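Presented sequentially are two complexes of subunit A, the first with subunit B as partner and the second with subunit C.
After this line comes the complex of A and B, so read on.
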């Protein structure tokens, strides 16, 4: 039998000991390096979008830094000449209502699932969660037929409705799980204070759920903003969003990069701005529900 | 302000669990009523039914002169203080206090007047702009109180409001609750599992067990004249000592015999407790409060007529002003269901000591000048005027007026 003596600092994780040995500075440098590496494609896209077409066709974008004279905004002008602005506004007209509707409806539904007593509540919630696994592809044809019958096929309203329908299950699931974490006595206190159910929802629960709602908002916004499939099926050419407009610029034998690059870059900017604006909530919201 | 009356109130949960069983309780206008009992006794359920947060399964609840059975909480004009305070975390203290008034569409001037008054009363003025997260536990507790006060309701309902505070703060909050009640004079229903809180705060205390009302009385009466074994064992700390005994009448008058001891029972006791004489020659359960003991050496002066009880101190707990002496007596512990239930609910300091065979552990509270040490022999005196007698089968106190009717 061997005897062991206890000495030294308490045992810690491998990672924290490794960090200590090489020092925090090295780790940080590595992180920065990885971050930069990840940014390279975006940077490339940006550089391509501000170079002359001829330069793009003859040399790689990374050579541009030695010849700043090549930089021009001509591609952006060409892009606007294709009527890209209208598709930008179409994207906005699809994304904003689809996001707001999902948040609004899901928050109310989640409140009911979390805090109101009604027959069949739990089975119904299970059905909603079950809808999470339904892939949108199987719904394309039936919904297209339905839209045809309703006369909204090809319209922006049709695209929005489709996004709302398929955004709701996840949204309800996320918010409901956040809502049940709010202490019941808080709602009871509000009830004693004289608040109606709607008041409790709007002045107590909704403000408290801000982190969850912000992260849900970003998720939903990005999905809809970047969507191509739904737009391809349901939006006709007058109502097409940016993704579909860019896709239609693709040629079979040629890249048409001078139109695609500025278009893709423009479609990137708005989600980036949005993400950085709500980044704080986003991180909080990711934690919500995982650890209570 | 208003009185609150519970008439045959039942609460039956899904699955048939009866949380509250036909409770009759009348809380007078301006009274401070404490509901006390072990956990799961239905005290919180009763409170939540008065609040309207739980439906009632039967009976009726009357606040003032209105039957409120089916009124939603907001229409009952009562305010509640929650155990975890339930402050709105996204609102400042001021907004927390004003929330209920705003919902009632009170004019702005009146709201700010009431909020400032309450803040002044509770010493919260400098915290009005802070959010609850930036407050200490005691301050949050006061905000929760303030939220009830500003409403100027018919009644306050408090659900263990002090249980999340540390011991010292709890004592000072208890005192300020007392002054607050004296000042406002609002009918208050207060739920706690802490019998010290119950004794110190209540005008009257209502003891509940398993959804059944046991006894409603002033704290002193509960302590002096418990209606049954459960109340006797639950109220008072350390709790009452019980033993199976036999009442006999010999040449020198009546006495009660247990574990080789023989305590004389004064003649007055028989007049105070009608029906006790029927137990002569029969078994009953004897109860003695730890505070009715003293060290014979110290008590010599005033212990005239008190019975002596030589014992060996097993454990002593020195509390400064007095000493709790734990000693064994040569009799099996009383296994009545009521004493077991009360012991489970109380603080189980005794349970840690391994009991030897069929002996039971008693506690005596003696003067600290006694200086008794563990293992020493000590002669105790017992105030025989304060003996408690219980029926061995029903567990009811012999001679208690509430039991005489039965």
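After this line comes the complex of A and C, so read on.
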């Protein structure tokens, strides 16, 4: 960028080239500073989680680098002994089905919106667009009542169902917009050959939509994995995911940082790994759904 | 923003000319769909001509986009057009193989791909699971909540709009509304501006991809974990909280010295005050007009070297509480218990609060003679309290999580989480701006600032608007960060509508009438943005 500017403007004098160089140095330094600024909070959490409790209570985590003797995995061991593992598995048991169900249900609806004709299609899709921004608070009380009547209040199934329902508008929106971009010729050909709609959907459209499904999947996965509010209301203590388990520890913040820090770090490991592995799909999903 | 994939294509493919120019075997595919597209196409042609210069621009951009970009970029480039409007249309579309092959051939008609066969009945089957779920769990709750908000806490008595009245008359909920207002005014603008600055700066460095990943990473982390992270950052003790550690190391040692860490009330039944969770409170409620005595002990003589003698409380006027905070201890003996003696020293500079029903109604600071005056109080019983801050060691660092700074502190965490989102969207928009326009301006002698102000920002305005609106919606719904970062004692001061709704309905309040009203109130606040989204979507698809 800078170089091309210089090359493109040969009339510029030596002076401006020098200031460019200096400006570039300042910008480099500034960006490094900002990057550090953004990394330090998470780094702090990590260091606190692998330090002795006594050390955490007396000095700042940044002093630990000079005293490597303080590092220990004891907090993680203690945490796993408290039954935190069960909340980890609860998180998995909520997130995986919620993600798969959203993809399946939304893909079918999106296919209908994109490639099938039925009365009221466009208005109905506008309703879906409108639902993108509905705050989940609106449903907490009514759904709690509904779940009570159905006998699934507090269960994992209830939490999953709630996430699926509120994940759908975004999912349908994203997939439908991808599906309409699929070449009509492919569908025409399949229809000419007498393939059923279900067959077209499952063997032509669905496989073609892999990038969009990956975007949706990663997004929905992170959204459900990281949710606190839904779990707070609908999951009882046997079925609580990590976020809720951690939240219940917040009250004694300070005295139990040896539980909170490793717990928080464990809860963010999987999202971070997924994020780095699939960041390009994550970005796509985010962009496509930034109305959310 | 709306259509990630067909956004860029719609203008190119929508007009018949543009579709005609798309080469290859797909042409045949295009034609059957032709008649269908005839109706929208004049409008399309109009917008296309107005915004995108030529039919080929898109394809040209596609190649440059694919070549120039690093790791993150292809993804970004792919999606930006979605962020809609002018620059977007000239932008590089999909670069990944699947999409790329689909690209030129796409009919680009959002409304009517060809319908050969499927009957509406079949469509209903495909839609059924989604529509049932959305109907039962999103639409029905909205309707239910509207009715529920008109009933009392148990749901038995119709109360009309009383719950809504309660929202706007209760001082607690008014605080939440005020806080939400602060959030909406401050946070979206800051996130957008910071994202813009970062996006512009990343164009100047070679490690832009790494930088973007770092700043973007917090979006993958749960807000719960972010909350824990920032509780650590904001810890008050400068030798533990990294924020205060940075401040103190920059500023050097603070000079001021107001804390009396060892001061405490006497522990006997006669003492008029008692310690309570780090604070000191009066045992008997005080009424305005009365004098309040707050005797403490345990202060080191060294800390009292410069203190002046304590004085008895001045006469309190109506609506006032007056009193004295002093060390009820005469060196060498003597002095009466729980009374201000001339030999006893005053405690200066302490914060005193008048508390009613858990809410602070007035605050004052003790003077050199230890006296204070809390004014502006209505009749009633008050507890006079010395908050914890008085007893923290001097040089305590900034009280980020205290009642005054809590909202700015949480907004700081919010910015940490969302700046990456803003930056990535805006950077994608930036990469869509035609380079030759910028170069031309530079060659004409425009300064970098002029180029930025007069060309970059106007061309980016659609993207900036999308980021801004998204952030407004997010701030209106903010829940986790406030819930997790604000310590229990400060939550009333940090409260926001989404959190208050949960507290009222589930977090102990158990008032579903008021909870429903708050939920509807939140929905009404979001409604304008819902309409904006629908409008934008319709416009983009026309």
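The working rule: the second predicted complex is superposed on the first by the 236 of 292 C-alpha atoms of A that agree within 3 Å, B and C clash if a C-alpha of one lies under 4 Å from a C-alpha of the other, contacts with A are read in each partner's own complex, and residues count from 1 in each chain.
By definition in this document, contacts are C-beta pairs under 8 Å (C-beta built on N, C-alpha and C of every residue); 3 or more make two chains touch, one makes a residue touch a chain.
Model, not experiment: these values are computed from the prediction.
**Student:** Going by the contact rule set out at the top, does A:199 touch subunit B (first), subunit C (second), both, or neither?
**Tutor:** A:199: touches subunit B, not subunit C.
**Student:** State whether A:81 touches subunit B only (first), subunit C only (second), both chains, or neither.
**Tutor:** In the superposed model, A:81 contacts neither subunit B nor subunit C.
**Student:** Give one of first, second, both or neither to describe whether A:73 is in contact with subunit B, with subunit C, with both, or with none.
**Tutor:** After superposing on A, A:73 lies clear of both subunit B and subunit C.
**Student:** Look at the residues of subunit A and decide whether subunit B or subunit C touches more of them.
**Tutor:** Result: the larger residue contact count on subunit A belongs to C.
**Student:** Considering only touches as defined above, state whether A:29 meets subunit B (first), subunit C (second), both or neither.
**Tutor:** After superposing on A, A:29 lies clear of both subunit B and subunit C.
**Student:** According to the stated criteria, A:150 is in contact with first (subunit B), second (subunit C), both, or neither; which is it?
**Tutor:** After superposition on chain A, A:150 lies in contact with neither partner.
**Student:** Regarding the shared-chain residue A:191, is it in contact with subunit B (first), subunit C (second), both, or neither?
**Tutor:** both
**Student:** Touching A:243, do we find subunit B (first), subunit C (second), both, or neither?
**Tutor:** second
**Student:** For A:183, select first, second, both or neither according to whether it touches subunit B, subunit C, the two together, or no partner.
**Tutor:** Touch partners of A:183: subunit B and subunit C.
**Student:** Counting only touches as set out at the top, which of subunit B and subunit C does A:168 meet: first, second, both, neither?
**Tutor:** second
**Student:** Starting from the residues of subunit A touching subunit B, keep only those that also touch subunit C in the other complex, and list them.
**Tutor:** 183, 185-186, 188, 191-192, 208
**Student:** Which stretch or stretches of subunit A touch subunit C in the complex?
**Tutor:** Interface residues on subunit A, with respect to subunit C: 1-2, 5, 8-9, 24, 27-28, 30-31, 34-35, 38-42, 44-45, 48, 56, 58-62, 105-106, 108-109, 111-119, 121-122, 124, 126, 128-135, 137-146, 161-162, 164-166, 168-169, 172-174, 177-178, 180-188, 191-192, 197, 201, 208, 210-212, 222, 225-229, 232-233, 243, 246-247, 250-251, 253, 257, 260-261, 264-265, 267-268, 271-272, 274-276, 279-284, 286-288, 290-292.
**Student:** For a test of understanding, state which residues of subunit B touch subunit A in their complex under the given definition.
**Tutor:** The contact residues of subunit B facing subunit A are 51, 53, 72-74, 78-80, 82-84, 86-90, 99-100, 103-104, 147, 151.
**Student:** Write out the stretch or stretches of subunit A touching subunit B in their complex.
**Tutor:** 183, 185-186, 188-196, 199, 203-204, 207-208
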